[in-house]
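You will see chain A twice below: alongside chain B first, and alongside chain C after that.
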Partner chain A sequence: MNHIALKMLMGDRGKYLGIIMGLTFASLIMTQQPAIFVGLMMRTFSFISDLGLPDIWVMDPKVQFVDDIKPLQDTKLYRVRGVAGVKWAMPLYKGLLKARLENGTFQTCNVIGLDDATLIGGPPVMLVGKLKDLRRSDGVIVDIDGATDKLAKPPMVPGGKPTPLKIGDTLELNDNRAIVVGIAKTTKTFQSQPVIYTTYSRAVRYAPRERKMLSFVLVKAMPGEDIPTLTRRIRKATGLAAYSRKEFIDLTWNYFMKNTGIPITFGTSVALGFIVGAAIAGQTFYNFTLENLRQFGVLKAMGASNWTLLRMILLQAILVGSIGYGLGVGLTALFGYATRNTILAFKFPWQLLAFGGAGVTLICIFAAIISIRKVIKLEPAIVFKG
Partner chain B sequence: MDGLAKAAVSCKNVVKVYDTGGDKVVALGGIDLEICMGELMMLVGPSGCGKTTLISVIAGILDQDSGSCEVFGKDLLHMRSSEKLKFRAKNIGFVFQAFNLLPSLNAVENVSIPLIINGVKRQTAERQAANVLEQVGLGTRGKSLPSQLSGGQQQRVAIARALVHDPRLIVCDEPTSALDHETGHNVMELLRQVALHRDRALVIVTHDARIFSFADRIAQMDDGHIEKVVDSAEDL
Partner chain C sequence: MLPKYTLPLLAAGGFAFGVYTVVNGNQPVPVAQPVAEPANSPFPTFIAGSGIVEAKSQNISIGTPLGGIVLQVAVKVGDMVKAGDILFRIDDREALAELGVRKANLARSKAAVGEAEASAIDTKTLLELIEAVTDRRAISTEDLDRRRNAHLLAKARLESARAQVLQTEAELASTQTTLDRLVVRAPVAGKVLQVNIRPGEFAPAGVGTSALMVLGNLDQLHIRVDIDENDAWRFRKEGNAVAYLRGNRQFKTDLKLVWVEPYVIPKRSLTGDSTERVDTRVLQALYSFNRATLPAYVGQQMDVFIEAPDADSAQPPMHQPDQK
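And then the complex of A and B:
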């Protein structure tokens, strides 16, 4: 009967394609939108996850997420260094500063200042130059996206392509000269500004003078030290907030989940995709069954059991479900591939595949159930009706 | 044992009332009828007199309200539904006015359905189906879809489908009324030649007087009752 079920389904081209299109649409929306959502959300904490070395981040207790800078007094660094179990503690400056470009325009940049001696907290990947080149006077490292886009020099000829920043080019940060000594690759963050790395002391010089400049203290624990215990000890000794990397990521993630419209926006898209997909696919599948009711009646009269017909409908639902799911997921992957080099956030972990699969399965079960009900209640005597 | 004398169908005082929300229609008002093995019985009468209802009961796809209807000695009303399905699958062949072929299946696949329902493997079923199509004169049209066949050819496919599993009873509801006179005539000839033999009974519902001559016996119905059962159309 499987053969008959499949032929029945595919015999009606229009309906068959309609059902598959509905499911493809649903599966596309249910994976593509969450993929962008996950991509975006992962950007919120990529600055933290990019920094692999420190175990613990110490900051002002009022800080709510990674870009929410509440500077500390420099002396706090020494307080942290004094806590038992701390192997090392390094200062990190993070702040938005205006850079003046060669053509006279201004661009806000995300300036990161690293400990002068150790340069801990540098970019994950150097593309041109070396991290230690930061020790050269006025040296800064610029991220590749900033260098090729917002910080790029105007085109040589009008209408031409801007020239990317390269080693030796200069910028002006608060009237201080800065010389590009390296180009780095960083994971995109939620902030779209160009990232500029420099030393802590230079960053403090670039920044407008304030009483407090220290954004974070990065801490490495002694070997064998229990991280939760150490964070508690730091908190107690300094009165500051101390989080493990994971805790700081969670703090940031939760902030964005609770305080931005991002989850609700994407949640709505996903729900709409699910509902519209379910409506199209469910409706077409149900219509398809209704139109074939006489055929099912004929099979029933000839002695096919409800169970046989139920299996036929299930098989039809599974087939259209698999094809629709495959196409939708394929389109999402294609979308991700096509936009891989753009600023668009996109992350497609296996959990999303499962999520989309579960969604399409639900739709198919729903479509099959309403159809099966109709077929089970069907009186075989309808076959003699004109 | 004499095959002709053996009863294929035996109805006693069969009553069927349709209840459509207040309106009660007595479709069968106490039917007594015997159909013998090896005979072609026609059920005739005006539209609405209960012919279709009666063969639905005989074929086991509709339950009567009272009275008994035994088919090959089995009381279908009191059978378990799974048993009844098996009984139908094995013993009954159907021919419909509107052919009721599955439109996306070709002739061979359509004819093979009763065998597949009976658990025969697809390949075997289709081979057998092709043979029966040959018998009804459509040996070359096995791959054709119903839409590619004329009305007469479609009804021949339907007859092949009714025959393929070698059932002991074939029920036909107005098998010629969707066809022109000549085609209808040919279909009736085919039914007599190919479908009818001593181990099988045929019940054909019709109000087409031009085919009455193909019957062994004719049961005339009116208003839910059998008026008379006669041996030839002249006696009506």
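And then the complex of A and C:
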């Protein structure tokens, strides 16, 4: 029987390809669009997730997301350090500063100031140089994307390629001299600005003068300390906001979900993909069943039970569903692979694989149900009509 | 035409590639390790503060009692000096000349004593001659009285000449003192931190804008710890304290409280700019430490932890936190 079902399905190549194309298209849209969405959203908190060492982030209570800097007084660091259960607490400066390039243009950069002694909060991967080199006078570490693109030196000849920054090159940050001592790889941020790492005291010197400078206090809990208890204790003792890394990521995520059009845009795309995919695949599958109604009738007349016919239709649905899903996922992965070195945000977690699968399954179930209804209601006598 | 298995194979390949992308694209970001391990508190509840190393004795600006041209500078920057060691000399020619005069005066007054002694002996001899005459009729009373008075006079002159010697000796000593004052010596043992004079320059007496020479005692160093005013109420004098060298937490030392500055001052954040930002007010506590345990330089920053009660359970201290 299964053999007959497959024969039936593949016999009409046009319809067969039509169903599969519809499902492939639906599967592609339902994985590729969310992948870009997830990639984009993960960039909003990539700075937090890149910083693996601290357990807790302490900041002004009014901070809404990671780029919303409301600086603290320098002495708050020592107040946080004095809370019981804190293993260490380190200052972190994060701010946007203007770098002046050789050709006179200005580029806004994300400047990160790390604790002078320990350099906690450094970039996850160093491509050239060592983090320790920041101890050299005027030293800064630039991320690879900034070094090769936005902060690169202008081309020698008009229209040529810009020269990437290399170790020993100088930058001008707010009229201060800075020397590149290392190139790092960081996860891209939402605004895709070049990232410049330096020491806290140097970052404060580069920054325009304000009374308060301290952006965040990074806290490591004592071994065995319960993180939620410690965050509560820090909040109570200092009056500042303290979030675990997960909580701070959620805070940033929720801010972007609530205050930007990103979720609506991508949500609409995904919904349209689902609807269009369901319509095409469902309709084609239904048409195909209608066309093969005579064959089903013959089978029924020959004594095949409803259950057998149902199994045949389900097998057909599962087959086209799997093929369409596999092709769609493959195309999404190919898309991700092709754009891996571009500015495009693309992140493909396993949840999306499951989400696409669920979507395609829903479409197949929908298509199968309307077809099954027709076949079960079928009178075998119809075969002998007209 | 499309072979039968092409599409299923393509689909299987696509799914596999999708799984590969999922696995490959979601590697955890490596964690950047600190360059130096941060210092942690050895106490369960504590106050953290930043400390700065300073010399125990405050810097001594050396002055001179008498102004004059500097003749010789006897020490270099960095020399260790003992109390009484010569630091520098002021031009002493005038005082030396006066010393010569005083010495001559002394010699003359000593000679005058000899003269007076001789005169006294002479008058005494004459008096004894006449007193040896037993027959009073042979001598006149007048002669006897004159000789007696002459002897008294000569004795008085001798006393006067001796007093003159004492006076000239005192004058000589005074000039000697002036000469001594032209040599400036170290008041305490210590290290020469600064030398601002050279031979030939005029060293004025009195308070100038810059010290002629700066001495300091670096045997004992103190750590001045800034405690945020919000945490000051938790500070206890009897609490143990530990300081860590920045950049290498292997170097740590126990601290002993020396005193607490009674006045809470505004903390300055030195930015190197022409103006300084005032952050907040801080309580300053001074601690001493064993210098052998820590390779610290004056002016270096330290991470300090002071044992203190928990913010929840702490009672206010019984006594006022004032000077020890």
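Throughout what follows, the second predicted complex is superposed on the first by the 386 of 386 C-alpha atoms of A that agree within 3 Å, B and C clash if a C-alpha of one lies under 4 Å from a C-alpha of the other, contacts with A are read in each partner's own complex, and residues count from 1 in each chain.
Please note the rule applied: a residue touches a chain if its C-beta (ideal position, glycine included) is under 8 Å from a C-beta of that chain, and two chains touch if they have at least 3 such contacts.
If you're wondering where the values come from, they're calculated on a predicted model, not measured in any experiment.
Look at chain A after the overlay: chain B and chain C fit there side by side.
Residue contacts after overlaying the shared chain place A:334 against chain C, while chain B stays out of touching range. When the two complexes are overlaid on their common chain A, residue A:305 makes contact with chain B while staying clear of chain C.
Of the two partner chains placed by superposition, only chain B is touched by A:381; chain C is not.
When the shared chain is aligned, chain B comes close enough to touch A:8, but chain C does not. By the document's definition of touching, of the two partners only chain C reaches A:209; chain B does not.
By the touch criterion stated above, A:52 is placed in contact with chain C alone, chain B being left untouched. When the two complexes are superposed, the chain touching more residues of chain A, out of chain B and chain C, is C. By the touch criterion defined above, A:280 reaches neither chain B nor chain C. Once the two complexes are overlaid on the shared chain, A:99 sits clear of chain B and of chain C alike.
Of the two partner chains placed by the overlay, only chain C lies in contact with A:120; chain B stays clear of it. Overlay on chain A (Cα): least separation between chain B and chain C is 14 Å. When the two complexes are laid over each other on chain A, chain A has residues 10 in contact with both chain B and chain C. Listing the residues of chain A that touch chain C in their complex gives 10, 13, 17, 20, 31, 49-53, 73-75, 78-79, 81-84, 87-90, 115-125, 131-132, 135, 187, 204-205, 209, 211, 220, 222, 236-237, 319, 322-334, 336-337, 346-350, 352-353. On the chain A side of its complex with chain B, the touching residues are 1, 3-4, 7-8, 10-12, 294-295, 298-305, 308, 379-381, 383-386.
The touching residues of chain C, when paired with chain A in their complex, are 1-2, 4, 7-8, 10-22, 25-26, 29-41, 44-50, 226-228, 230-231, 234, 246-247, 267, 269, 271-273, 277, 279-280, 282, 308, 310-312.
On chain B, the positions that touch chain A within their shared complex are 52, 55-56, 59, 61-62, 82, 85-90, 92, 94, 96-98, 100, 102-105, 109, 113-114, 116-118, 122, 173.
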